[in-house]
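What follows is a pair of complexes built around chain A, which joins chain B in one and chain C in the other.
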Partner chain A sequence: MTERQEKIMRPLRTTSREFWPFVLALALITVAFIYAYTIQLSQGLGVTGLNDITIWGVYIVNFIFFIGLSHAGIAISAAVRIMSLHRYAPIARMAEILTLASLMMAGLSIVIDLGRPDRAYLMVVNYAARIGASPLLWDITAVGTYLILSTTYLYLPMREDLAVCRDSFTGWRRRMYEITLPGYEKGEEKVIKRLAWWMAVTILPVMVMVHTTVSWIFSLLSNRPLWFGAAAGPYFIAAAVASGIASVVVIAAIVRKLFNWEDLLPPEIFRGLGNFLAVITLIYLYLMLVEQFTARYAGPAGEFFVSEAWLFGSYATVFWTLTTIGLILPCVYLLVQAFRPGKINITWTSVFSTVIVIAMWFKRYIIIVPTLTVGGSPLQTYTPSWIELTIIGGSLAALALIYTILLKLIPIIEMEEPHHG
Partner chain B sequence: MSKINRRDFVKALAAVGVVATLGKVSGKSIKDVTSEVSKKSAKGLYPEATQGARYAMMIDSGACIGCRTCLHACKLENNVPDEPSNMEWIDLFEMENTRPVSEVHGMPPTDSSVDYTESPKEGHWYLSFNCFHCDNPPCTKVCPTGATYQDEDGLVLVNYDLCIGCRYCMAACPYNARTFNWWDPVNPPSRVSPIDGEEVPLNPKVPLRTRGVVEKCTFCVHRIRDGNPTPRCVEVCPVNARHFGDLNNPESEVSRLLKTVRTHRIKEELNTQPMLYYFTRGVKWKDDGEKI
Partner chain C sequence: MGRLLALLTYVASSQSRPSGMPLGLIVLVVILSPVIVLLLATLLGKPRSMKVTGLFLAWLALVFCVFVGAVYGLSFITGLFI
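Let's turn to the complex of A and B:
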C-alpha cells in the first residue's frame, strides 16, 4: 500500500473520540425529524403553517435547495473528466457523494410535502398518461435519471478503491466490501475509465435539464408573478451551481482540517473553486438585478407588488440580508482574492462559502412564498410551524449524517495519483 | 456481446425513443393527453358527462346582496366540512363601491373583506367566486396523476381517489378556486342550516373527501347531470343573481343572457377561457341602500 493510499484510508481505520458525540447529535436531530413527520402523517398537513393561499412553504424550499446542492458533484467531476482538469480530481468524489445524498433528501422533501404520500405510487401508475403534461412528472423523471446516472458514475470508478479497502480489511468489513464488488477483475479500470468519460458527457446535459425542469414546475404557471418567465431555467441553474460549489468548498475544507490532508487537498483547489464561485455569484446577482428591473420599470401589477414585497415589504429584511451579507459580501471577498496573487485564505473562503449556501436557502424562500401570499385573496400570511422547522432542521441533519457515515465507509478521495497537467 | 452489436443495440434504442417521443408530441397536444385516464377511473364517482353540453354560469354582480345563502347552501349540498377547519367552495367578497373587480383576484393585495357580518351594506357591492370551470384549465394540465380533469361537458372535476395532495393544481389556478383538506374533515350525519335553522342530512350523492386531497366546486355535477337543471347555489339565490345553463343550447338561460347583457370574465389575459361570466344590469347598491 502506498503512502497516499494509507493516508486516504486513515478515516476508515481510525475514529476519533469526537466522532461519536457528533454522530449521536445528528442522529438525535434526525429522530426529532422522524417524530415531527409522524405527527404530520397522523394529523395531516394542517400541522404546518400552510393554508389555501400559501399552499407551498419550506418543504418546497428545501426541495429546491437540495436539488441545488446536488448540482455540485456531477458538475465538478464531469468537468474534471471531460476537460482533464486533473488538479480538481481529489474533490470529485466528495462532490459526487454530496450529489447522491442531497438528491435522496430532495426526493424525500417532495414526499413530505404530499397530502397523501401513501398514494405517491399513482404517479408511476399513471406515468404514461401524464408525462405529456405535468411538469412535476418531468422533474421526477429528470431527477430519477440523474440519481441513477450519478450513482453509477460514482460507483464504477470507485470499484478500484473498494477493492483496495477489501484487501486491507479482514472479517465483516472485508465481507462488506466484497458484496459491493460483484464481478470485480483486476485491470478493469481501463474499460471503466472509458465508460466514465462517456457517462460524464451524458450526465452534463442531464444535469442542466434537472435544474431546468425544477424551474419549470414554477415558471410555466402564467398566473404566478416572478415565477412565470423564460429565464427561470438559467436563474435556477446559477443558484444551483453557486450553492453546490460553495458546499463542496466547505466539505473539502472540513475534511482537509479534520484528517490533516493539507497535501492531498492543496490550496490551488480552493483558489480555483473560489474564483469560480465568485464569478457564478456575480452572474446570479446580475440575474437578480435584471429580474427586478424588468419587474419594476413598467411595473405590471403582479410582478411589481411581489417585487415590492421582496424589496420593501414584509420580506425586505430577509431579502436585503441575504443579498448584501449573503451574496454581495462573499462575492466581493472572493473577487478580491481572485485578483490578488499569492496565498489564499482557506478558512475565510469556506466561511463565505457557508454564507452563500445559507443565503441560497433563504433566496429560495423568497422565490416561493411571496409570490403565493402577495395578492392572494383573502389575504393569508404564512409562518412555518415548529413541525415544519423540525423537519427542515432534521432533513439537513440527516444529510450530514448520511455524509458522515459514507465518509467512514468510502475512501473520499480517489486513491489514484492525480496527473499533474 | 460483441462491440458492434452493442452499438447497434444502442442506436436502435435511441431511434425507438426518438420515434416514440415524436409520435407522442405530434399526435396530441398537451391539452388532449390530460384527461383520458382520469375520465375512465372517475366512473362511478360522478354521473356520465352530458353529451354535447357546455355548462356555464353567469353572475349578476349588481344584483348580489352578499347574503351568503349560496355559500351555506353549497356547503350543505356538497358535504363541505365546517370542522376542524372551515372549508368553502364559494368565496364572497364585500367590496367598497369605488373598488374594481381586479382588487379581489389580482394585484395590488386587497383588504376586501370576506368576514363581513351584515349585508347589503351602504356603499358596498358583493362579488362571489367559485370554480370557473375554465375551457382551457391550467390546473388539469399540471396534475401528475390525472386526478383533476376536464370532462366532455366542460366540467373540471377532481377524482378524490387519485389525488396525492401535491397541490400543484392550486398553484396553477389563477382564481384560488380550490381548497385543500389540511385535516381530517369532520362529516356529522346532519347539520343545522345557518339559512333557515333546519336539520340537513349528509348528501349521499356527493362523495366524502379524505384528508390530504384537493376539492372544489363541481357545478353540482350530481344534480345537473342527473335531471336537475340547476346547481344548488343558483336554486337558492333570493335575488336571482346566479344563472346557469348549457351554452350549446341556444334556448338556455345563459345563452339568452349572453346575447342580451354585457359580460366580462376575470383574468381573460391568461387565456383560461373561464366558464363563469359576470355581468351587471348597471345596478349598484347606492349609499341609501336603494338600487340606482
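Let's turn to the complex of A and C:
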C-alpha cells in the first residue's frame, strides 16, 4: 500500500475520542426529529405553522436547500472528468457523497411536507395519468433519475478503492467490502472510466433539469407574485451551485484539518473553488437585482407588495442580513482573494462559505414564505412550530450523520494519484 | 366580457395547451434522452466488457427498484401512524 493510500485510509482505520460523542449527539437530534415527525403523522399538519393560505413553509425550504447542496457533487465531479480538471479530483468524491446524502434528505423533506405520506405510492400508480401536467411529478422524475445516476456515478469508480479496502481489512469489514464488490476483477477500471465519462456527460443535463423543474413548482403559478417568471430556472440553479460549492469548501476544510490532509488537499483547490464561488455569488446577486427591478418598476401590484415586504416590510431584517452579510460580504472577500495571487486563507474561505450556505437557506425562506403570506388575500402570518423546527434541525443532523458514517466506511478521496492539469 | 376575460386568464395560466404537447412530456423527454444516450454509450462504446456493462445495467435496475420500493415502503410505514 502506498503512502497516499495509507493517508486516505486513515479515517477508516482510526477513530478519535471525539467521534462517538459527535455521532451520539447527531443521533439524538435525529431521534428527536423522528419523534416530532411521528406526532405530525398521527395528529396531521395542524401541528405545524402552516394553514390554508400559507401552504408551504420550512419543509419546502429544506427541500430546495438540499437539492441545491446536491448540485455540488456532480458539478465538480463532472468538471473533473469532462474538462480534465484533475487538480480538483481529490474533492470529487466528497462532493459526490454530499450529493447522495442531500438528495436522500431532499426526498424525505417532500415526504414530510405531505399531509398524507401513506398515499405517496399513488404517484407511482398514477404516474402515466399525471405526468402531463404535474410539476411535482416532473420534479420527482428529475430527482429520482438524478438520485439513481448519482448513486451509480459514485459507486462504479469507487470499486477499485473498495477492493483496496477489502484487501486491507479482516473480519466483518472485509466481508462487508466483499459484498459491495460483486463480479470485481482487476483491470476493469478502463471500462469503468469510459462509463464514468459518459455518466458525467449524462448527469449534467439531468442536474440542470432537476433545479429547473424545482423552480417550475413555483414559477408556473401565474397568480403567485415573485414566483412567476421565466428566469426562475437560472436563478435557482445559480443558488444551488453556490450553496453546493460552498458546502464542499466547508467539508474539504474540515477533513483537511481533521485528518492532516494538507498535502492531499492543497490550497490551490480552495483558491479555485473560492474564485468560482465568488463569480457564481456575483451572478446570483445580479439575478436578485434584476428580479427586484422588474417587481418594483414593471410588475403587477402583487409583485410590488411582496417586494416591499422583502425590502422594507416584515421580512426586511432577514432579507438585508442575508444579502449583505450572507452574500455581498463573502463575495467581496472571495473576489479580493482572487485578485491577490499567492494569497489564500483557507480558514476565512471556509468561514465565508459557511455564511453563504446559511444565507442560501434563508434566501429560500424569503422566496417561499412572503409570496404566500403577503402575496395573496387574506394576509397571513407564518411562524414555524416547534415540531417543524425540530424536524428541520433533525434533518440537517441526519444529513451530517449519514455523511459522518460514510466517512468511516468509504475512502472519500480517490486513491489513484491525480494527473496534473 | 367578464366571462371571456376569465376564460382567457384560465387558458393563459394553464400549464398545458390544448393544441400542443403537454409541458410534462417535454420535461420527460428532456430528462430521459441523456439516459438513453448513456445506455447506448454503455452498450456500444469501446473499450467494452460485457461483464462490466451487465453489472452497470444491473446496478441501475437495482437502484431503480430500491427507489420505487422506498416510496412504497414509506407509504406503508407512515400509514401505520395515521
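One rule holds for everything that comes next: the second predicted complex is superposed on the first by the 417 of 421 C-alpha atoms of A that agree within 3 Å, B and C clash if a C-alpha of one lies under 4 Å from a C-alpha of the other, contacts with A are read in each partner's own complex, and residues count from 1 in each chain.
One rule holds for everything that comes next: contacts are C-beta pairs under 8 Å (C-beta built on N, C-alpha and C of every residue); 3 or more make two chains touch, one makes a residue touch a chain.
Note that the coordinates shown come from a computational prediction; the quantities given were computed from them, not determined experimentally.
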Using the touch definition from the top, say if A:I53 reaches chain B (first), chain C (second), both or neither. first
Partner chain(s) touched by A:I346 [first = chain B, second = chain C, both, neither]: neither
Which of the two partners, first being chain B and second being chain C, lies in contact with A:L136: first, second, both, or neither? first
Just chain B (first), just chain C (second), both, or neither: which does A:K190 touch? second
Tell me the contact category for A:C331 with respect to chain B and chain C: first, second, both or neither. neither
So, A:T38: does it touch chain B (first), chain C (second), both, or neither? second
Is A:W198 in contact with chain B, with chain C, with both, or with neither (first, second, both, neither)? second
Based on the superposed arrangement, let me know which partner A:L149 touches: chain B (first), chain C (second), both, or neither? second
Between chain B and chain C, whom does A:S222 touch in the aligned arrangement: first, second, both, or neither? both
Hey, what residues of chain A end up touching chain B and chain C alike? 116-117, 119-120, 123, 132-135, 137, 220, 222-223
Please output the residues of chain C touching chain A within their complex, sorted ascending. 12-13, 15-16, 22-25, 27-28, 30-32, 34-35, 37-38, 41-42, 45-49, 51-56, 59-60, 63-64, 67-68, 70-72, 74-76, 78-79, 81-82
Residues of chain A touching chain C in the complex: 38, 41-42, 107, 111, 116-121, 123-124, 131-135, 137-138, 141-142, 144-145, 147-149, 151-152, 155-156, 182-183, 185, 188, 190-192, 194-195, 198-199, 201-203, 205-206, 209, 213, 220, 222-223
Would you pull the chain B residues touching chain A in the complex into a rising list? 24-25, 28, 30, 33-34, 36-37, 84-85, 91, 93, 102, 104-112, 114, 138, 141-147, 162-168, 170-174, 176, 178-184, 210-214, 267, 270-271
Residues of chain A defined as touching chain B within the complex: 43-46, 48, 50-53, 55-56, 110, 113-117, 119-120, 122-123, 125-126, 129-130, 132-137, 140, 217-218, 220-225, 301-302, 304-305, 372, 374-379
